[in-house]
Structure formats: structure tokens, C-alpha cells
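Chain lettering (A, B, C and D) follows the sequence in which the chains are written, and residue indices restart at 1 in each chain.
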Amino acid sequence: MINERQDEVIEEFEMFEDWMDKYEYLISLGKELPLIDESKKTEENIIKGCQSRVWLAADLNDSKIQFTADSDAIITKGIISLMIRVLTDSSPKEIMETELYFIDKVGLKEHLSPTRSNGLVSMVKQIKMYAIAYSLKV
Amino acid sequence: MINERQDEVIEEFEMFEDWMDKYEYLISLGKELPLIDESKKTEENIIKGCQSRVWLAADLNDSKIQFTADSDAIITKGIISLMIRVLTDSSPKEIMETELYFIDKVGLKEHLSPTRSNGLVSMVKQIKMYAIAYSLKV
Amino acid sequence: MKKINVNEIRKDFPILSRKVNGKPLVYLDNGATSQKPQVVIDAINNYYTNDNANIHRGVHTLSQAATTAYEVSRKKIQTWINAEHSEEVIFTKGTTDGINLISNAWGRSNLKKGDEVIITEMEHHSNIVPWQMICDEKEAILKVIPINDSGELLMGEYKKMLSSKTKMVALVHVSNALGTINPVQEIIALAHEVGAKVLVDGAQQVAHAAPNMRDLDVDFYVFGLHKMFGPTGIGILYGKKALLYAIPPYQGGGDMIKTVTFEKTTYNELPFKFEAGTPNISAGIATAAAVDYITSLNWDEIHAHEQELLDYATVELKNIKGLKIIGEATNKASVISFVVEGIHAYDIGVIVDKMGIAVRTGHHCTQPLMNRFGIQGTIRASFAFYNSKQEVDLLIVALNRAINMLS
Amino acid sequence: MKKINVNEIRKDFPILSRKVNGKPLVYLDNGATSQKPQVVIDAINNYYTNDNANIHRGVHTLSQAATTAYEVSRKKIQTWINAEHSEEVIFTKGTTDGINLISNAWGRSNLKKGDEVIITEMEHHSNIVPWQMICDEKEAILKVIPINDSGELLMGEYKKMLSSKTKMVALVHVSNALGTINPVQEIIALAHEVGAKVLVDGAQQVAHAAPNMRDLDVDFYVFGLHKMFGPTGIGILYGKKALLYAIPPYQGGGDMIKTVTFEKTTYNELPFKFEAGTPNISAGIATAAAVDYITSLNWDEIHAHEQELLDYATVELKNIKGLKIIGEATNKASVISFVVEGIHAYDIGVIVDKMGIAVRTGHHCTQPLMNRFGIQGTIRASFAFYNSKQEVDLLIVALNRAINMLS
């Protein structure tokens, strides 16, 4: 399931001719509806990158995790939107076992480099942590 | 006077064909009679280089300074012997005004580099200090 | 005034002809670190290729050559900053290291409960945290000179703070986030009137002009070589001889001792007392090349050129709708920080980078200053003498495009 | 065992083909600093020429590339020393800096009056003075493990010293002045039994073999890159994660903070908590090249080769009348210290240098050790894997000639 969705995203990105198109798409994703409930933008759910802030919440519904997240930087938010689309509504086990290859494939790997100060790497870590935590509950 | 003696030393060194001859001569100078009275090898007269130790004493006789000095390293001692030959028995004023060019001219400049840890540089400084001090007494 | 030939100067810096993301590199992040002329790169290369040896303790030729070269650098710095004695020039790891050396070695031996240390609202974290740490330990009080909305120190407030309790005033010469050039000479004179010492953080000054130790009459002055076209991993702490003499050593180890026994250790003379361990020899030696390079340039022309870049970029940036410049001091170095309404600095940084433009975004290690302006961070373009007006134009084009995409 | 091809390896080190005083350089001062292979020089060169930018805070391409390269080096060191976590690898200025970091940050928060710190009689000043300074401040007691005439630690004495008062044992892995390889694993295990921590000074170890953090179970391990064929001005402090986590920061400044306000500063995570300020980026990046280079060599062969050099030189030196080797431990690295009766070490150093031979003379920053042997200093020949038996022969010829001239 997760991988199907990853492949879907990869296919989508193949349409783009240059970085401009790609980033315009990302930005448009970033601009869409809020990805998280304002009430969930708490200090607890914040992940502080050096430059942009990321909020992440995870809820268990029917043995599946629902992720919601946000960022104050729009490109970061665009990437988060892709990640949520790929990961949400999956079982903890699926998430734990998944390898997020689509980011690399669509040419956004730089944003997930541990040396980036945008908070995305910490977010991915946090996602895995949630999955582990919920897997004990399921 | 001092410069005459410097020129004398320079002339002497012109005979040497290579570094071996030069250093053999220096070593032979270093081996000759003690250059300082054992009683003057006090803690007070010591100049601590990082590697070899130098002792220096200065006495005023008839408005002229008599230097005696020594070192535990024989090459250092050889150079000291040359310096004493050039400088001793001179007036404080002469010593203060003199420029010790012979060391450079005879190709021993490296030993008088401030980065050498043989104590010679501090010795030359000390010689000038003595000259200044005695010049006030004369 | 005669103009410098930027195109010629750029040839001295090999990196400036490279491309980034397929576009010619427009390097406007000089406040973070400057690029290196070929002569500096060559000096490092030559050291490792021909002369590499440890210094200060060796009798052999290589060691002597390296030692001499290293000490030549010290003298060149001495001359460049107009210090009275070469032993007032201490080699450190960088600006941060120099400040920590003083906050630590001077602070431990000079601060006591109730004493006051004054810093400013525009300090870099490197000139805040060390003072917080030592004030904490010594129960001394940290006071902060506020700034106005243009990013200038409120001198009236500073004067009110000064008292016999003031022991140290530590401030930045040129603000890395605002560009403000502080009136350090006046600040130093005022501090001296109450018997306080002054440390000036010259990290951003040295790329724009040589600081003059004797004119400033400053007690301690710190900077790093990497922002002045020299190598990374080396910096300078200048200190007045009598003060350095009186301060205990900071780090212990090789080179900083005279004699060691298990019962008693005596310390070496200045500058070695503060230079424990094998230093960054290659960088130390290449420091001479950096100083030689910058002193070979015509600095009157450079000042005019940098001023022109600053003025031109300021006007052009102000034409962009929603863009607000942070820091509009009358006396400013060629550094411009700005924010764009409704757009995150990070997003702009990412997009302009795609067009080859390197600017810095974020808090610039000045979080309290960002708080003062109620912002998370800024976009900062910082110019060096090798930047051109065309590069300003490219920045403006890229910014407009980024803002377009992001709004 | 298969032999390494020294002639081939020497070609990797450009300096080894230079002449000194008209003679081919015979570099036997590896204990002071090692020479650099071309790949390390190239890495530095390439960084400055193509990628120079500040790290950890920039969004633009150059900054990202430099940051990634810098962090790759950290991982390579982690693997090389077999550390469990990459954040246990802290970049420092060098060995001395690493020891001072621990004596300071760990010492200040862990030592109290009456506690004991144990060092050894063969320590380098860099592992003596920092402990003297902190013991002085904390009124802790510095104890010294004595050695026998061969230059080996008296383990019985060490065991007697250990008690619940022992808080730290700090000792050298391989003695720079004697060559002795200390039984650090046993020493660490014994210290742990009484709850003491152990810092090992690996400055001389790293040129001869990779130290293994997990096998040793050492708490802190320090070394510098310049003695392991890497650049100057950079070193490594390894520390167990839990210990590093608990220790307060050493220096304050950029990069080591999470948030700064004038009221409260919170510190960054490991390893950054201990890496304030812009680091030595070029050297950090070139560290990867140094590790790659040495791991590309066959170390079984190198050990055999170094042992052969040591054995051969030892026999040949002993044939020289009046020559006495200082340090004859059973377990020895390829380092030989010696004195010649009636002749000052300095004089020998000067004369053999004229013949192109670089050896170190003096106290090797181990004055207490020299006192133990009742000498002022020694002549030291320290071999690296690129040294050859022919070079030993040249040393012997030069020594004989020098002794001839000087007796």
C-alpha cells in the first residue's frame, strides 16, 4: 500500500520538466488546506529545525495511524503533504517496515539530508517512533 | 673595534669549504677551555632554552664589559665563544650600538633565529640588557 | 574615486567561476565565511607538500622552516592590526575560541559576585553564551544594551549602565545580522572611565577593514581568519600585554609551559602561555598569505565599492513589494538582512539557491536579536569586495521570481 | 608475511622526495607529526577551490555539500575507531584540546575535594598540566603511577592506588618519548572496578593502529589527525554517549545551542553541544580522505614492517659505543629514544640535520619522565610505515659521523 502510493508520487513527478515545475507543484501542495488542526499545533507536537518549524500529530484509528502535520515553511509543508499522503492510514507495522524511497526518486533527497535544518529528518524519525509506540498498543 | 673583530671572524670562516669544516671548527672552539668560571654557573645566570642551557655573566672592568658564558651543548658553546671574542672588552655604548652581522655572514644565522630553542637569542638579548644597565653606571 | 576592477579580482578566487545548479555561483554568504584567493590555497598546499613539520620544538630544517613561517604570520597580523607587540597576538581556533578563552581565563580570575558584564542586544551567540556561563558560575550580572528600530545601540542606555560594578563590556564591532557598525572607540573610552575592560568581537569587521588596536585602545579583540579570506580553523585573540600577562592560562599542555614537575609547573611566556598543544600549523602559515593578499589591495577603492553595492542593493531591494530591511543603521557594513511579508525565509533561500544564489537564511546565531524584532529569522545577503553590481541584479531577479512562486 | 612495498607507498607522500641541505630527506620525526599523502592534500585543495562554505546552518548548495562532507568524516572516524554512535565522535582542535575539554567540563562537574586523579610518570605535558590545573582548583589529589627502568608501568603500584576515591585515570596509550605500549585494556577494567572513569591519550597510537572503542570499553579517548597522516588543527574526542550527555558544555557559542535568550539558554544535542563556533571545516572534510587512505593499506603488513624497522634500528643503534636506549619495554611501538654518553642531544640533532636526517631532540614534552631517568632529553627516531631500512642505515651513518665530530 505505502509503496503503491510512493510509486504514484514518483509517476506524478516524472511529468515535471525542470525544478521550477517541481517546486511550483510542491508550493501548491503546501498552500492547500491546513494539514493539521490548529488545536494540535502545541508545543508538544513541535519539532524544531534550526530554520523552519514542523508540527506532527499521530492518532490511531481502527489499527491504522492517521498523521497530520504542518510547517511554517511552505516547501517543507509541501513535502510533508506528500509524506502524509504516502504514509497515513497505514498500520504501525507497515510504517515501521517501510523505506521512504520516493523522496530520493523525485529529486527532493536534499531536503531529507540529516544536515538540513528544516526539521524534516526529525519528523521522519518521529513518525517511526509513533509507529513503534502504537505497534505495542495494536 | 667590534666590527673589526666581526670581519676577522668572517674572513676566518671563508676558508671553510663545506658545513663539515665549519662545524668541526665550531666544535673545536666549543671544546676549548671553559668560557666561564664554574662559580658563575648559578641559577641566576642561566638562560633556559628549550633544549640547551646557556650561562652568561658580565662584569665591568675599566668601563669595559667582560662577558663570560657557557652552554651544555657544544655547538651552542662554539658560537658563544665567537660572540664573546667579538663582544667582550667593549664599552657598553659600543655593545648597545653594534649590529651582530657576522653570524649571518658566516652562515650560522639559523642558530640565531628566534625560533631556535638553543637559548642563543635570549643570550643576545641579555647581552644588550647588560650593556644598557652598565651604560647607566659608566 | 578610482574603481576597483572586480572582474580582475574575481580571478584570484577559483571558486567564483564555478556553477551551482547549472547557474554561475553568486556567492552572497560572505558573512558566514569568505572565499579564498589562490595564494592562500597555494600556501596551504605548499606547506603540506614541501615543509610539513611540527613547530617550536624541532631542531631539524623542516621544523625550523615551519616555525619561522608560523611566526612570520604572527608578525604580519601584528602589523595589520597595529598591535604594539607581537606577543599580544595569540593564535586561537577562531572567534568563538577567543571569546571563550577570555570569558574563562580572564573571567575566572577577575569576576566576583555582583560584578557586571555588559553585552548588547545584537550579539552573536558566541558573545552571549560564554558570558552567561561565566556570570552564572561567578554570580555576576549580565546586562544588555538595547537597540533602536534601526538596529543602533542606545548609547544613553549604555552610559546609564556603566558603574564601578562594570568589569567587562563585550560587544560586536560589526553586527553579522544587521550590518551595524558600532561606535566601538567611544564605547571603549566610556568603559575605561569606570575601569572596565572591553572585548570587541571583530568577526565581521575584518573582511571590511583592518581594525586598529592602538587607535581603539581596546583590551581584547577577537576574530577568525576564515571570514577574512584566510583558512578555516584559525583565529586571533589580541590582548594588551599587561592584561594577558596577568591572566592565568586557559588550556594546559605542550608549548605553554616552561617547566613541569608533578609538584609544580611554571608557565611559558606570552604568547605561548595561551597556545597549548600543536596548533593549526598549515592555517597559521597560510595566514601570512591572507594578510599579504588583502594588504595588496586598494582599500579606499574597496570601501567605495562595498558602499556602492550596499546602496545599490538597498534601493533595489526596497522596490520589492512586501520586503522589509532589518537593520538600517546610518553606519553600516555591506550586509543586508530582510524579510518578505508572508513568506518564510527558508523557502526563499531554497528557491534562490536553485538559481545559483547563495544567501543565508535563519536567525544568524542571534536569536535574542530576532526576538527583539519579533521575527524568526531573515534572509541575509552579505557582500565582499569581489561581488559585483551584476550579482546584485541577479539576486533581485531571483528574489522576484521566488516571491512570485511563493505568494 | 607479505611485505609492503615501501617504495610504492612513499610515492603517495610528495614531501618524501624532497631534499634537505642537499641530501634526500630522511624523515624520522613522525612522533611529532606525520607526513600527508597526496589524497589528503587534494581534499583540502578541492574544498577550498570548489566547495568552501560554512556548515550546519546554510540552506544553499555549497553549505549543504560542505556539511555533508564534514559529517561523512565523523562517520568514517566512528567506523574506524568502532564507536557505537556517531555523536560520540566530537571534533576538537587536537589531542591537547580534547584533554582540556574533559579535564574542564567533566572535571568541574565531577571532581570534589579529596577525590583522586591518577596519571602516569610517562605522560606528555598535555596529559599532566590540565589535570594539575583542575586538581588545584578542586583540591583533588593527583597521583602518579611510577615506571620501571625499561619504561613500563608498575601495575602493582597502580592497583594499590585504586580506591573508591579514584575518580579518573588518565594515561597515554603509546608513550611518545619511550615507545611503550601500555596495557590500557587491563588498566581500564581495573579502574572501572572502583567506579573510576578512564581517559586514554591516543596521540601516538593512531599512526600505528586503529584504537577500538568498544573493545577497550574506554570512557574518553583523544587523538589528533596530524599524527595520523591527516591535516593539522583537528582532533577527535571520543566519549561514551551517556557520559558526554551528562557533562556540561565546555565552550559557548554558535552551533552548540538550541535556543538562546538573555534569560535562559538551552544546549544542543550531541555532538554539537561540544562543538561551539565554526570548526576547522577544511580539515574536518579532509579527515575522511585520511581515514580512507589508511584503511586502504594492509595493516598486518604494516605492523610487521614497523616491527622490523624497530628491531633493526634497535640492534644497529646498540652497536654504537656510548649509546643508550631509553625505553626498552617488551611491548613497544616504532619509536626509539636514546642518549649518547658525553654528547648533548641538541648537538647531534644539529649535525644529523645537515645530512638530511630529521630526528627530534629534547624532552619531548615529558619533563617528569626525563627527570625519572636523570636526563635532560633524548634523541628520538620515530618511524612511520613509509620509512625504510635504508633510512635506518642512513641514520646510523649520520649518527656515527656526528658522534665522531662531537667526541
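Methods note: a contact is a pair of C-beta atoms (placed from the backbone, for glycine too) under 8 Å apart; a residue touches a chain by one contact, two chains touch by 3 or more.
If you're wondering where the values come from, they're calculated on a predicted model, not measured in any experiment.
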Per mean C-alpha coordinates, the chain lying farthest from chain C is B
Taking each chain's centre as the mean of its CA atoms, how far is chain A from chain C in angstrom?
-> 38
Centre distance in Å when chain A and chain B are each reduced to the mean of their C-alpha atoms = 78
So, what's the distance in Å between the C-alpha centres of chain D and chain A?
-> 45
Would you mind listing the residues of chain C that make contact with two or more other chains?
-> 21, 57, 59, 259, 346, 349-350, 361-362
For chain A, which residues are shared contacts with two or more other chains?
-> 50-51, 117
Contact pairs between chains, per stated definition | A-C, A-D, B-C, B-D, C-D
In the complex, chain A residues that touch chain C = 19-20, 23-24, 27, 50-52, 72-76, 117-118
Okay, in this complex, where on chain C does chain B touch?
-> 55-57, 59, 64, 67-68, 71, 258-259
Of all residues in chain A, which touch chain D in the complex?
-> 48, 50-51, 110, 113-117
Note which residues of chain C are touching chain A in the complex, please.
-> 21, 343-347, 349-351, 354, 361-363, 376-377, 405-406
Taking the complex as given, what residues does chain C use to touch chain D?
-> 14-15, 18, 20-21, 25, 27, 29, 32-33, 35-36, 40-41, 44-45, 48-54, 57-63, 93-97, 99-100, 103, 124-126, 128-133, 142, 144, 224, 226, 231-234, 249, 251-257, 259-262, 265, 276-283, 346, 349-350, 353, 357-362, 365, 367-368, 371
